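Chain IDs A, B, C, D, E and F follow the sequence of writing; residue 1 opens each chain.
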Amino acid sequence: MLNSYSFIGCDKNFDESEKVIIGAPFDGTASFRPGSRFAPSSIRLDSDGMETYSPYLDDDLLNHKIADLGDMELPIGDTDAVLTTIENKMTELFASNKKPILLGGEHLVTLPSFRSALKLYPNLKLIQLDAHADLRDDYLGVKLSHATVIRRCHNMVGDDNIFQFGIRSGTKEEFDFAKEHTNLYKFDLSQVANTVRNLQKEKVYLTIDLDVLDTGIFPGTGTPEPGGISFAELMNAFHLLKELDIVGADICELAPNLDTSGVSSMTACKILRELLLII
Amino acid sequence: MLNSYSFIGCDKNFDESEKVIIGAPFDGTASFRPGSRFAPSSIRLDSDGMETYSPYLDDDLLNHKIADLGDMELPIGDTDAVLTTIENKMTELFASNKKPILLGGEHLVTLPSFRSALKLYPNLKLIQLDAHADLRDDYLGVKLSHATVIRRCHNMVGDDNIFQFGIRSGTKEEFDFAKEHTNLYKFDLSQVANTVRNLQKEKVYLTIDLDVLDTGIFPGTGTPEPGGISFAELMNAFHLLKELDIVGADICELAPNLDTSGVSSMTACKILRELLLII
Amino acid sequence: MLNSYSFIGCDKNFDESEKVIIGAPFDGTASFRPGSRFAPSSIRLDSDGMETYSPYLDDDLLNHKIADLGDMELPIGDTDAVLTTIENKMTELFASNKKPILLGGEHLVTLPSFRSALKLYPNLKLIQLDAHADLRDDYLGVKLSHATVIRRCHNMVGDDNIFQFGIRSGTKEEFDFAKEHTNLYKFDLSQVANTVRNLQKEKVYLTIDLDVLDTGIFPGTGTPEPGGISFAELMNAFHLLKELDIVGADICELAPNLDTSGVSSMTACKILRELLLII
Amino acid sequence: MLNSYSFIGCDKNFDESEKVIIGAPFDGTASFRPGSRFAPSSIRLDSDGMETYSPYLDDDLLNHKIADLGDMELPIGDTDAVLTTIENKMTELFASNKKPILLGGEHLVTLPSFRSALKLYPNLKLIQLDAHADLRDDYLGVKLSHATVIRRCHNMVGDDNIFQFGIRSGTKEEFDFAKEHTNLYKFDLSQVANTVRNLQKEKVYLTIDLDVLDTGIFPGTGTPEPGGISFAELMNAFHLLKELDIVGADICELAPNLDTSGVSSMTACKILRELLLII
Amino acid sequence: MLNSYSFIGCDKNFDESEKVIIGAPFDGTASFRPGSRFAPSSIRLDSDGMETYSPYLDDDLLNHKIADLGDMELPIGDTDAVLTTIENKMTELFASNKKPILLGGEHLVTLPSFRSALKLYPNLKLIQLDAHADLRDDYLGVKLSHATVIRRCHNMVGDDNIFQFGIRSGTKEEFDFAKEHTNLYKFDLSQVANTVRNLQKEKVYLTIDLDVLDTGIFPGTGTPEPGGISFAELMNAFHLLKELDIVGADICELAPNLDTSGVSSMTACKILRELLLII
Amino acid sequence: MLNSYSFIGCDKNFDESEKVIIGAPFDGTASFRPGSRFAPSSIRLDSDGMETYSPYLDDDLLNHKIADLGDMELPIGDTDAVLTTIENKMTELFASNKKPILLGGEHLVTLPSFRSALKLYPNLKLIQLDAHADLRDDYLGVKLSHATVIRRCHNMVGDDNIFQFGIRSGTKEEFDFAKEHTNLYKFDLSQVANTVRNLQKEKVYLTIDLDVLDTGIFPGTGTPEPGGISFAELMNAFHLLKELDIVGADICELAPNLDTSGVSSMTACKILRELLLII
């Protein structure tokens, strides 16, 4: 009779589930405007205003076995401890043979999640949808930051394993680094199709920094970058990505406090629904 | 010398008018986020920031005879009484041989308005621009709701008389119902042209749920759905709909309180201007 | 390890609890500005930023056995059905020999809650802290409304059983009615002490319309009335009310959407904490 | 049947009225944060959420004959033309033997209004409730400004005719000027009683800059100054001022766009109601 | 070690600079919603969240010699004095043989800036990107207004020297005037390429009213007009305009107070970055 | 001619100054709602709307020699590095024989500032105005946090050297700790006078957590606590504290993003003005 507090349609218990949602409400390295710590609870609450059925995929969350594990309790003001907490939990989830979807928080949460997945899948590929390259080696002297997270991932997997789409912001050095070490496609998702063809036999981790979306449809993010992709482009990319063997994923950088209209939260809800249906 | 409080350029009195605007500030069945009750006054006030001339149509509100009748006074907390009040007023307006444009309020206000029109035009067709199918049979046990309004209309007119465009949200059951009983076109307005060709000799009632627009350009609505149509697509559809014999119309689901930038209200103003020019 | 979604420090299960919190997210008769439907979830989420210990009372929520039952699922747009749902649930709670605290929602939710309590305690007294008299016989023709709720309570208990404090808004007729039929004290809580003395042997139901607070400290409410009481005055009244045998209570009319600073929600949290400690 | 757009309870026509409300939506010299241009329409719309009856005075707007004339249409960007427009209109109103209440807009609107009244009442006294002295001789070289308005009034009436209360901000020069030329009482309204005694036989113009109120209860103003008076203090002062022969008044500097909670507008509504009842 | 307060990457001193930024925080003729006075400081502060490198142009602000001169101090409430102040300063800057970029403020600031440039370049062409024609002869009787600014420019340069793009709002008279006297292209920037071809040998002044952008991506503006251009269209136009000899430019009508998400400010930042790189 | 970006009236250079303002925009351990990182820039910008003259003290910032050094550049996401940066800078400032006023940021910035002062003044006393005791030994396992900052100070100075006023929130353990180890006065500032008498011969460091103010007048803070002190109470305490030998001070926990009315920022401005005048 009473309202639950989980993402809509995801009320299985852990043991019976095949996919699991878990939140990491951390925005400790946000350099410009914080608030992504509020994303997981906002996504859960606002999902109540959304249908479980997807007319894009003609599929329904209710057809799947999904658990929502709530949020990890993270120490505040201690980045190392936060990353350790996330890594331990994600390692446990990957080991449980379920597909985890991590809800950030800021983009740095991808690091412990991807590292956990790598333990199980050493040849794992990383697909990143993002406005920012996130390839700095350090940011104001700090090595662990939302602005360095993909560089840290590169430290682990080396060249040719990272695929970046929609990138429209970074330093000259980041774009130069990408030319040598990653597959970076600027501005849009038009090259996703090719990449999907090339990764048919691979295990893939998918990280979605929601600021890849255009600021018009997604103003609620810490470091907005005009000129992003449309919702339709993202849906089309999802239809392609559906063909891949995605072992885990994350959705980051919704800052609901920055979009009082609530549209950004609702957009994140719908992207999470579609993501749950394609992986 | 003093400011009036009517939609800009619509200052004819009732008797001399050919088209009439009237507001129904009701949002009593809003399931997610209320506020469409504030739409009519917001539209009137903000219309002061808009021109009466349309460069899209090369026409001007001042060329037409339009009255703005203000808002109906609606009992609060009693849905049945509200619907009766609206139906009585709309019946009176349709009977007066003028073209009424009803300003919601939520989408349920379409029901008494459409029912009033049906009394005069028994073969009336319903064209709906909307993000939601609104075809549920009930919503949490309630039969009269913004989520059931088109189903209730179907109860009155039966199969093949309802044309739905832009729909991108609903339950599986609603989409299945539509396959059997209505003409539902998903996601965009590309099929409006065909429908217009087929309805050349018909009387038509047009209902516009403003959430058919993309959330980027229309965040101020109770149940936003990403992935909607652009303003240009809507203007193009209006140019097609201009060919039809539209006997009445409504514009619903602006919730100005949810868009503090005021852009949603201004967009509603401009759509109302264009609508007044095409019917 | 994971966040719960209940009022802080209130995580007992139903059977072991002595006091229970339950939400009624209903604002269907809000005449001016809706939003109190969002109060229960806002109070729960924001309670995370508050201590369980009260320096006012030198007591701690953790010293008490309290359950948070979440929200009732209420039909939307059908006031009668909503009131029935609340009454059935509250009757069950009162019968269970626990002290229920109902979280509105708007003030009309007091009606079914008080009626439920009356079944068990036929001589029940009603203490109301409120800016508004709520003594209209009808509001725009509607009998069941936030503006008539205490009049409806009077219909049940008759003269001399209702005590109203802090009232600073109403029609002439309402204040005249109060002179004949209730004990109404205008503007402040200075007469609470006397009332407490007179009700030492009585069962009491306490209803708190949060708009009794000054608009400066509680802007997040649908019908704000300048010139209200301070937080210190309310705390002082609570210390007096602690002496009474309060069998149930409610807290109404927080509209968190109207106070983007979050201060109103936090104030409601703290009032709920103190209320849980004094009953 | 339809909503009007005038201050609640003030629907008499001009000829039958004894008191008249008129708006001057001008904020052209706002130095810090504009928005008082939106005050008159906000006050009218929000008055719908307020009772016409005052429990403070046991009187009702419906007992009085009051017209609401709407807003003057003011040229934008031309301060001289604006002041001329206001002066012409106010002169007409004063000449009609009715008591006008002018709704600003910013405080500079007091200048043409007071000048108009002076034509009829050459010995007129000015009572000002305000946070700011407004006694600069110029502001960034500009002579006509919200920051110079009382100095300009002093230019017309000379020493000993201006009474300033609640003042808590100004330059050293302004406070020095006041010592020589006006009766300025800092911080609160405690000296209103004395002034009222001394002005028993005088004609008085009352100007209320709403920023005299504490920022806690009135955040919606362009130049907020912490440490202001409470609503109760203002009500008490009104009870004293009731004894005076106030021939006209104004209420200025509500900037509703700066207080999204709406509380400042509602407070302005209530102050206007009480003001209408005491003059 | 400490933060500066200038547009990011523009920290050269005046003498060594080739391009200079200067702000004119004036919105005195804003007819609908003020706030563009806050644009320059908002653009400077928010530029801290943006990279200096442009992946669109593969160029970096750090490769150029740019000074940020801060804001002019403008008298408030005296339009003539404001325009004189701006004209004097801009004349000085044009005479210094640097390329000035003026940050409005409202669109009227273009008038003194363009007039200053005309003194040096008598055959100067004006390219305007805007939603509004701004060709009224007067606005409510006022000759100097954001709504008349291009008409005033036409008064100076006569026919065939003004090129208007993206225009989607105006009176019938304005569009008729444009047919005779300017080159006005409605709705989009598709004709920029042709114009660029025809102006290869000319000196050009570029004025960008940011409301030319779609309201979805730029809600923070005083008079929003749905149906505008995308960020990509503007970037494409910039790539074409790069070929011209632009001697000065301005960016107007950001009202950051109207877009609490901050996205409009960030979009203005990025447009300013690109503009600095193409002129 | 151009606007500076420093606190109003504080434009001396470092060498000639006697008091210096410096910002530490850090909110990395904010547990509930971040945003105090924006405080220093908000205070500087909004100070433009305030007078330099204080009618409370009949003194003017222009009578004093004050420099505003801007903000320290702080690494993001690395609390230890932030504290080291602040400590180094503050040590330098204390050593320069000037009185520093540190603008937080969150309350943890007091730790490195107080530690720096202790190096010079080993018998330093700490006076804290705050809603929270901040005496936890750790917070979610983290030792360096806004919730532990005064406990860390106690670790340095031991018993009887810390004086806490206005405290109205904390755990039972914190209040118990205070009984043994600090001088904690709950709820108000009434005991400041006694403390001032007892500390006549001492060096004092003053830390002001702005949430000591009532939420009504200061909603813009991360962890608001209803029931705080008024502005007048704070001004009165300042008049008393003026007698002490305050060697340094800080003002913390303004989160301007949480108070869209801007009143909290303006209140912080005025408190900083008064603080600069009394030390």
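One rule holds in what follows: a residue touches a chain if its C-beta (ideal position, glycine included) is under 8 Å from a C-beta of that chain, and two chains touch if they have at least 3 such contacts.
Because the structure is predicted, anything quoted here is derived from the model rather than measured.
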Mutual neighbours - chains that touch chain E and chain F alike: A, D
When chain C is superposed on chain E by its C-alpha atoms, the rotation angle in degrees, nearest 5: 180
Selected pair, greater C-beta contact count between B-D and A-F: A-F
Mean-CA-position distance for chain E and chain D (Å): 38
Gap in Å, rounded to a whole number, between the CA centres of chain F and chain B: 55
Distance from chain E to chain B - Cα centre to Cα centre, in angstrom: 38
Multi-partner residues of chain C (each touching 2 or more other chains): 31, 33, 73, 214, 216-217, 259-260
Contact graph of the chains (line, ring, star, complete, other): other
Touching pairs - complete list by chain label: A-B, A-C, A-E, A-F, B-C, B-D, B-E, C-D, C-F, D-E, D-F, E-F
Contact footprint of chain B on chain C as seen in their complex: 27-31, 33-35, 37, 73-79, 81, 108, 139-142, 144-145, 257
Touch list for chain E against partner chain B, complex: 31-33, 167-172, 175, 186-187, 214-217, 219-220, 223-227, 258-260
Residues of chain A touching chain B in the complex: 48-53, 55, 60, 214, 216-217, 231-232, 235, 259-263, 266-267, 270
Of chain D, residues touching chain B in the complex: 1-5, 41, 45, 69-73, 89, 260
